[in-house]
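The structure appears below as structure tokens.
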Amino acid sequence: MSAYDVVVIGAGPAGMAAAVEARGAGLSVLVLDEAGAPGGQIWRGVEAAGPSRRGVLGGDFAKGADLAAAFRASGADYRPRATVWNISPEKVVDYSAGGGSRQAAAGAVIVATGAVERPVPMAGWLLPGVTTAGASQILLKTSGIVEPDTVFVGSGPLLWLVASQMVAAGVPPKAIVETVPHGRLMAAAKHLPGALKNAAALAKGVRMMWAVKAAGVPVHTGVTDVAIAGATHAEAVTFKGADGAMRIETRHVALHMGVVPNPQITRLLVCDHVFDTAQRAFVPVLDADRMTSRAGVYVAGDGGGILGAAAAVLTGRLAAMGAAEAAGRPVDEGARGAVRAALAKDAAVRPLLETLYAPAEAALAPADDVVVCRCEEVTAGAIRHAARLGAAGPNQVKSYLRAGMGPCQGRVCGMVVAELIAAARGVTPGDVGYYRIRPPLKPLPLSELAELGEAEPVAAQ
Amino acid sequence: MSAPGDPRPAPGAKAAAPGAPAAAAGGRLPAPPAGGGMGADLIVIGGGIHGNSAALHCALKGMDVVLLEKDTAGRHASGVNAGGVRQLGRDVAEIPLSVRSMEMWHRIADIVDDDCGFQAAPQIKVAESEDELSTLAARAQRLRDLGYDHEVILSRDEVRAHLPAVAPHIVGGLASLGDGFALPYQTTFAFARKAAAEGVRIFEETAARRVTRGADGFRVETDRSVFTAPKLLNCAGAWGGEIAAQLGEHAPVEAIAPMMLVTARMPHFCDAVVGATGRPLSFKQMPNGTVVIGGGRRGRAVPAENLSHLDFAQLKHTAATAREIFPIMAGARLVRGWAGIEGRMPDDIPVLGPSSTQEGAFHAFGFSAHGFQLGPGVGSVMAEIIADGHTNAPLAPFSITRFRAAA
Amino acid sequence: MPTRIDAAGEPIAFTFDGVRVEARAGDSLAAALLAAGIDTTRRSAVSGMARGPYCMMGTCFECLVVVDGVPNRQACMVEAADGLVVTTQDGAVDAFAHEDGGREMLA
């Protein structure tokens, strides 16, 4: 078993920044990432993207190339295509790479596994042709693929970002169907003065929306009762809008309603979590150095609460500074103070975004016949029924109905299941809790476990 | 602190008669008001399958029962075990209880209004060598000598008739053909709902902090209130030793964490529940195609924190064993591993029967990782000794007094 | 149909259910299939219903396919390569499917 001062999980903005900072402090660092190249989701494919693709994706995307270069030069051991499948309480990390499993002992673990898109359960969302908005963007970033027939449904900055990038690529989407309720803008407006501290982010958002509307993309706002029609494939989006019942024919629907922290590793490690009502999501409890309730386990980036890519870099640095300090290395308090100040400024825009783009109630309380757990095909009605029978929380529903027991291990349905049980019991998701996450974190070939410890070490890249 | 369980009684729960005190209605209830007290005929500590089954059977005999569960029903071993419903291979002392329970399993839906996912299926312990087959044959002969005929030897061909996918090196096996398996959480949840429907007042997230004996019977203090009853049943599993200690009795319970693995769905290849003779294994394919693999290799139980940790250095052997006995498993994909906290006694049989120090107190804990099948039967036996004062079931080997010398 | 906005990546090809799929080096299998207009990649092992790529980032396990005989591979996480033999994952698939083709669908 190899040993490192720090094992960073994830090579997105937070993970790369943490690795660079920790190496700068003289620590030995292993970075494990599932993707084939650094960048995470936000800067996915940033090293490979040529000038034209970078042009379409915008300046914030191009910034990722500089950090990726610094990360490559940092001297951290970097293992792409490595899937972490267990972390013991003693911080021994099991990961799968190249067809075998290996172990690394960590002095500190920095979890930089980012966010996942909030599920948007509605009639028809299981049909082929329906993806997340993030999926549309990944296709664009990694392969330059765009689908002009796409109808975006939901709300949130990412939805507008992807649409604006498609416009920049000269292939605008077919329509935007926005579920932000009328009146949200007024509620969000009170956060505007605070948000002006990060005027650049606000301006970027406004520019994205203008660009999409200027390109002539039909934008339907304040819609309700959204559903996807189709038998074996998406055929249309239906909804109620300003002009009554609407139907847009399309075979490509991209859903989005914001992102939530990826909870798998912090839940595996039984770190304390709280339900953040502003983000409408569970977040791990973190101290000022981004350390969880479990000593030596830090969270950098959106996994600790949604703050976006710029903040992810800053929190990655903070986590690495914390780990370095805990390892007895000196930390430049001036630099740390500057990072904290920058983080506070960057976060100023969050209350506005969180209010404006809070998930629509329909996504949190889908109709009884809507499948919520996509893997095991468990409906919202079945979950409500189990709650009425006395299943107190997600773990009871999981044991009773198999919700969250499929290959995705609850990654997609977890938030909705907690919301449904909470609503049925008349309490908050914080009261009912979340799935207990058990290893392996991702499905593992049985043969790989049977041969555990027998694999030859792979050379780090 | 979150609210305990769904405050509404389960559907079918007896409704309180108009004007009757609310406490008379059964159901899954919130804790009584802070500082309040509540009386009953019997307090059951522990909401696993044994606590719920005994509570149900006592209620059916007309007792007013309160059940206290520190977490939620089936949170630990009862809800997350491998689900084997097994007479095969039991300690001889357990066989009468196991046989009685098995009869109940085959009509489980009539007892708890839920099929519990029970499937009748052979339980087969395979022999990987002639030596192992001889061991199994001796076991079968021993049971026949004692008058039991439910364990039978299978030849090489007979094993393959039941298990076409078994590895070539398997030479035979020992089977109990009338056994089966069930879904543990669904079962424990069903017992809890049926108990509630029969009037048992179930309080979840209500830990029994202190147990004493006073003039008014047993007093069980919880964080918010005090429960009193002339009779007390300790079904606290891995925590059963702590309750016994408060009654002045020694029961050396070890908290263990038997580990299990489950695969993604596979094509149908196995209809029996399979064990091995020379190494730990419990192996079954569920009707949905997933394969559950356990067999007793242990993780680390941390009962004080309500946690268990998996030990993959041990599970590696579980995976290897499964693959060697069923070669098709070389292509399986593991989706999840887990462990539940269970109480194990040094001699691997439970503590069952009356307290030796406090009249009116009873024990049913320490099932040592094979209590699930016994749940229906032991509940009915405990109801006989608690409500009727006697049972025909031979409980002497399970007396808590067997640990007195070790105290 | 989807279009590509640039010409990055060397042309490569694999087969999906026996049909040749043109791709670019750097594509995931899922990206290449979507670019080719193929968005049904498995049938649910629960109900048999058609499913396809959803998250494209390894989270949802909707895009499971059989790659060179190995089932349960996430098409969005496997890089496309020349000559791969990719097939629809039809329910629960045996990694070592019997030669008689006796793959059974499970309800």
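Going by the order they are written in, the chains are A, B and C; count residues from 1 in each one.
The rule is simple: a residue touches a chain if its C-beta (ideal position, glycine included) is under 8 Å from a C-beta of that chain, and two chains touch if they have at least 3 such contacts.
Small disclaimer: the values here were computed from a predicted structure and weren't measured.
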item	value
Most centrally placed chain - per-chain CA mean versus overall CA mean	A
Chain pair, A-B or B-C, that carries the greater number of C-beta contacts	A-B
Distance between the centres, which are taken as Cα means, of chain C and chain A, whole angstrom	24
Euclidean distance of C-alpha centroids - chain A vs chain B, Å	40
Chain B-chain C separation of Cα centroids, rounded to whole Å	43
Overlap residues in chain B, where contacts from two or more other chains coincide	264, 288, 330-333
Chain A: positions in contact with at least two other chains	406-407, 443
Sequence positions of chain C contacting 2 or more other chains	46, 72
Chain A contact footprint on chain B (complex, rising order)	2-6, 8, 10-11, 28, 72-74, 79-80, 184-186, 189, 192-193, 196, 204, 261-264, 288, 307, 309-310, 312-313, 315-316, 319-320, 322-323, 329-338
Chain B to chain C touching residues, read off their complex	264-268, 288-289, 328, 330-333
Of chain C, residues touching chain A in the complex	1-6, 8-9, 24, 26-28, 31-32, 34-35, 39-41, 44, 46-47, 49-62, 64, 72, 76-77, 79
Residues of chain A touching chain C in the complex	34, 36, 41, 45, 48-50, 52-53, 56, 116-117, 126-132, 134-135, 138-140, 142-148, 169-171, 232-233, 374-377, 406-408, 411-412, 442-443
In the complex with chain B, residue positions of chain C that touch it	45-46, 70-72, 91-96, 103-104, 106
